[in-house]
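Following this line, the structures themselves.
One chain, chain A, appears in both complexes that follow, with chain B as partner in the first and chain C in the second.
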Partner chain A sequence: MSIQKILLEFEPKLENLLRVLKEINKQEKYISESDCLKVAGYFSLPLARVFSLASFFDLMNTRPVKKKIIRVCSGGPCTMKRSFEIIRQIEMLLKIEMGNDSHPKVKLETMSCLGLCDQGPVMMIDEQVFEKVRPETVDDIILDYL
Partner chain B sequence: MEIVTKNWEKINPLDINTYIRSGGYEALRKVIRETPLKVVSEIKRSGLRGRGGGGFPTGEKWEITAKIEADEKFIICNLDESEPGVYKDRIIAEKNPHQIIEGLLIGAYAIGAKRAFIYINGHYKKPAEILKIALEQAREKEFVGRGIMGSSIDVEIEIFSGAGAYICGEENALINSIEGKRGEPRLKPPHPPVSGLFGKPTIVNNAETLANVPYIIKRGADVYSKIGPSLSPGTKLFLLEGAVKNKGIFEVPLGTTAEDLIFNSLYGGGMEDGKEFWFAQIGGASGRLMPRGKLDQLLIYGPSEYPIGAGSILVVDKMADIKDLLFSWADFFHRESCGKCVPCREGTYRLWEIAKWLKNNDLKERDRENIEDILWTLSNTTFCPLGNFAAVAWSDAISMFSEEIFGK
Partner chain C sequence: MQIKINNKPYNCESGETIFSICKRNGIRLPTLCAHPDLLPSEGVCRMCLVETNQSKGLVPSCVQKVSEGLEVRTETENVNKARKINLELLWADHAGKCAACLRNGRCELQKLAKEYDIDGFKFVPRRKELKSENELDLLKDNWSHVVADEKNPCIARDSQYCIECRRCVRICREMQTVEAYGTNYRSSNTNVGTPYEIPLDCIFCGQCSAVCPTAAITEKDEIEKFEKALADPQKMVIVQTAPSVRFTFLEEFGMPPGTFGEKKLVAALKALGANKVFDTILGADLTIVEEAAELIKRVKNKGVLPMFTSCCPSWVVYVEKYYPEFIPNLSSCKSPQQMMGALIKTHYAKKEKFDPKNIVSVSIMPCTSKKYEAARSEMKASGRQDVDIVLTIRELARLIRKKKIDPIKLEDGKFDPALGISTGAGMLFGSSGGVMEAALRTAAEKITGEELGRVDFEVVRGEEGIRCAEIEINDLKLRVAVVHEIRNAKKMLEDLKSGKAQYDFVEVMACPNGCIGGGGQPVPTSPEIRSARIKGVIVRDKGMSIRKSHENPVLKKIYKEFLGKPGGDKAEELLHTKYTNRKNIS
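So, the complex of A and B:
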């Protein structure tokens, strides 16, 4: 769907700005500067205002995502359920370091709470959520999905 | 004692009739025959306090907005919870969404709002879907929309989904993000009940707070105010996580002790086999650390040595690695700092850096000396409470477990 088509689904009211950006991110996987320019025109807002919103939130990207992103929850409850052992296991398996950008295809990050503490430890690969991950089984999940 | 969790087993969240059969929407029916100010005073007399963490008396908040003349007012249900260890609002929305919707409608009527929002965490896809279906059914039954229940009252409810930012649980940041601005806190005053969304009087209430409202209306403020201590009445959903035997959600009257909650076989049931209690963190990543000797403290809203926040209790045993936990706290706040003020943006970053070195056993003496400076700056100079929160658990850990952290 083109940006124009997305825009036409929403009235140019301020409360729709975040909704529009989320929709663009969903369709295009990221929000480019030229997308922001079109959105800014439609809402009659400065480009900076639109871009500052797009760049603020975790669930939106302002650059194309070229790598698989593995995220492991580092919240207290998941930490108590050995999420740091899971991180070490992934680091060893893929020979990468958490937070480091050097691997061409994968990036490993920690993430904030998804509110699934009762199902922890929680891990995400791109959009896919994995619950009750164990250090012993994480290798299989990673190798399956990469 | 069950108020919020009552009937969870009997109700099908996808079928409004099961909620109506269990007495649902009776409170709304009762309310629209009364004057809004009477509803406000009933909630005020009940002593209900906000369940999101602040513990501000809900009735007093409503009263401010109800008494203001304005062409437009808003009420927002805050379902953005993203504090590590807190998932009670998600479970309420998944088990009994109409309880939240009914509370929100009552609130809207009481303050005179024609538009209401449910601001839901962007990660909560399933609960958002359930709420959407629940709203459609409530609209069909004429509980939501124009002329609710045949009266002349209009209340529209919209779901607004966030995009993944902890700070948006703070009411001003939440309002900013609905207005299409970065989720940064605003200077107070004016507080939202006076000037909030689009500059109009706005009430922001936590989902659990609103879920208590139908009960209070139905059974009366007098019944509710007698549950638990008089300054902080009612029940609260607590979340037990960590090295405790029974994990999950437990509804208990406020004023229960942490000891009871963790060790009573009705709730936590004690420690996991072979594990020894070390401390409990009360109130999520921003919570204080409670040692064994303080377990007899009452869990209440209001003045308390250990604020209960949104009700999460993380039980930590002696085998746990304190450095992992220190990293976990610093990691969370450094990622979630919105970047508006320098002390928080830089302070949480430096603390995170130190936590990383500490975890890798690579901490220099000069970094260690800086910890206290950073913690003081976070506690005293940040723009909004997020910065203060970032220092709470760290300060407690440094003063209580310096030997475990830095060695002898």
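So, the complex of A and C:
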């Protein structure tokens, strides 16, 4: 579906802005500069305001995604349930570093709360969410999924 | 209502913040994000923390409203400790390269760091102080979001100096409605910058560089070019100085705002080695004569009305980028700087038998946008760029300090008389409403053909965003408006579009209070400082012997010898310009 079609589904009201951006992110996998300009034009907003909203959310990309992204929650409750141990485990397994972009296929990132605090620690591989991850089980999840 | 600050009672009204009461009563509170042009404050920097009897923790005084029975303490041990830690955190995120920094000595962060003795790097260790490998990441992390923007013709950005105070974001959004900046990403990755890291796409007004507490946003530095021209014996360096900079120049050297510093400015320029120093006021007078002629022509021939002034390049770019349908309304006259530039490289060069190739035309401006204007492709009346180098007053002061010249101790200088006689009308260009008043003085005489007795048009003076007046000259009624700041200009344009307002002649300046509050003027700036500067301008106009533009003897001579009559062919060729639709089509 083209961006025009997405835009036509929503009225140009401020409360629809986030929904439009989410829809574009879902379809195109990321929000490109030209898309952002079109959204800004449609809502009569400056480009800077649309971009700062889009870049605020971890689950929206403002750059093209070419790798699998593994995200681990860094929210308070998940950290209390030792999500950093999971991060360390993934780093050891895949020999990558948190936030580092040098691996050709995978990137490890932290993300903010998904609202699944009771199910923590939470991690995501691309769109797939994994709950109650343990350092012992994370190896299997990753090897299965990649 | 009464509250207690440091055990002393003070009167206040409900709804006021602690910070504003302290400021009014001369109690100093450190701040890096609050700015008198940006109210209400946001409480970002956490430097103005105070202790109160009504809350357990410390509160930021710039957002905390007063309430009955409030007792505030501004300098306790707790407060100072918290401020120091917060300042250290900001300092850790900052480049800290003070010696080579453009704002060295004028940086608000540096001043506070000095005051609070910030010398340690507790949060980001330096290389020799590293204790473990993990700390290396801290060092790296600190530099992961550095963006340097050199592509904007007027404004240079370097985010390693940025402390994310959001002043630039707010002034661009609230005062100028352009919103070129945004606060991007989140938490520790937050950075203030442009979307997709494109070069800053704006109207070049430079207000962001005037409010920036550090050197993250500065004017584009062209000192080197100027020094090179001065050092070249082949080149003839001709400098012109804008009407408003003579009232702000001495602020850079410690004098109070509004001090008239024309003579010291000229002396300092001569001491730097400029061959000739001319006065842009002559250009302003030319602008007025041409603009008045154009206005009369438009009114008589039922041309496109209202006519907008075109002296402010930021306003011109704003119309071109956001309201291209109003381009025919812009006066086709060039700005004083460009008229002067065109005259120097044509008339003056011919008269004095210089090759225009060897002239380096430099202008000293209160404005960052003039750099862009000088580089516009239309501004080539002499066949090459009319004005080669544009320096803001901050750059000039920096150069003067670098050369160890103290302008206050210099003997008074004088403009070179060839193009250096000024009038009161031209002097008024420095403040908002000045162009209008100067134009009315000339237009009224041209229409009636009689000498004007009283020359002060007080109705167009003042500090409101939009000032309207109706002026009767014989049986001709002129509806005029004076607008400053783009937010007011936008409102004016929308009113014109919807038919809510009707004007014949509108003056617009993009910066608060006109050029006197320009983006290249000395920092800091505030409404009080600007009104002191305006006072200086008005006093000076009163004291001038020639107060009307068309009575300038040099100008009369130039028209007689060179240009013909106002609005004539030669004038049209040299002093008028065209505009282009620059709207972003998406």
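Everything below uses one rule, namely that the second predicted complex is superposed on the first by the 138 of 146 C-alpha atoms of A that agree within 3 Å, B and C clash if a C-alpha of one lies under 4 Å from a C-alpha of the other, contacts with A are read in each partner's own complex, and residues count from 1 in each chain.
As a convention for this text, a contact is a pair of C-beta atoms (placed from the backbone, for glycine too) under 8 Å apart; a residue touches a chain by one contact, two chains touch by 3 or more.
A quick note: this is a predicted structure, and the numbers were derived from the prediction, not measured.
Student: With both structures lined up on chain A, is it a clash or a fit for chain B and chain C?
Tutor: Once both complexes are aligned on chain A, chain B and chain C clash.
Student: Between chain B and chain C, which makes contact with more of the residues in chain A?
Tutor: Result: the larger residue contact count on chain A belongs to B.
Student: Does the superposition put A:Gly41 against chain B (first), chain C (second), both, or neither?
Tutor: A:Gly41 sits against chain C, while chain B stays out of touch.
Student: Looking at A:Leu14, would you say it contacts chain B, chain C, both, or neither? Reply first, second, both or neither.
Tutor: In the superposition, A:Leu14 touches chain B alone.
Student: Scan A:Met80 for contacts with chain B and chain C and give back first, second, both or neither.
Tutor: Only chain B is touched by A:Met80; chain C is not.
Student: Per the contact definition in the header, classify A:Thr62: touching chain B only (first), chain C only (second), both, or neither.
Tutor: second
Student: Is A:Leu116 touching the first partner chain B, the second partner chain C, both, or neither of them?
Tutor: A:Leu116 contacts chain B only, not chain C.
Student: May I ask you to decide whether A:Ser52 touches chain B, chain C, both, or neither, giving the answer as first, second, both or neither?
Tutor: both
Student: Tell me the contact category for A:Lys22 with respect to chain B and chain C: first, second, both or neither.
Tutor: first
Student: Using the superposition on chain A as set up above, list the residues of chain A that contact both chain B and chain C.
Tutor: Touching chain B in the first complex and chain C in the second, residues 49, 52, 56-58, 112 of chain A appear in both lists.
Student: Where on chain A is chain C touching in the complex?
Tutor: Touch residues, chain A against chain C: 33-34, 36-38, 40-41, 46-52, 55-58, 62, 112.
Student: So in the complex, the part of chain B that touches chain A is made up of which residues?
Tutor: 81-87, 90, 121-124, 160-166, 177-183, 198, 239, 241-243, 247-249, 281, 284-285, 314, 316, 320-321, 324-325, 327-329, 331-332, 335-336, 338
Student: If we count contacts the way the header does, which residues on chain A are in touch with chain B in the complex?
Tutor: Going through chain A, the ones touching chain B are 14-19, 21-22, 43, 45, 49, 52-53, 56-60, 73-80, 84, 110-118.
Student: What residues of chain C sit close enough to touch chain A in their complex?
Tutor: 173, 178-187, 194-196, 198, 584, 586
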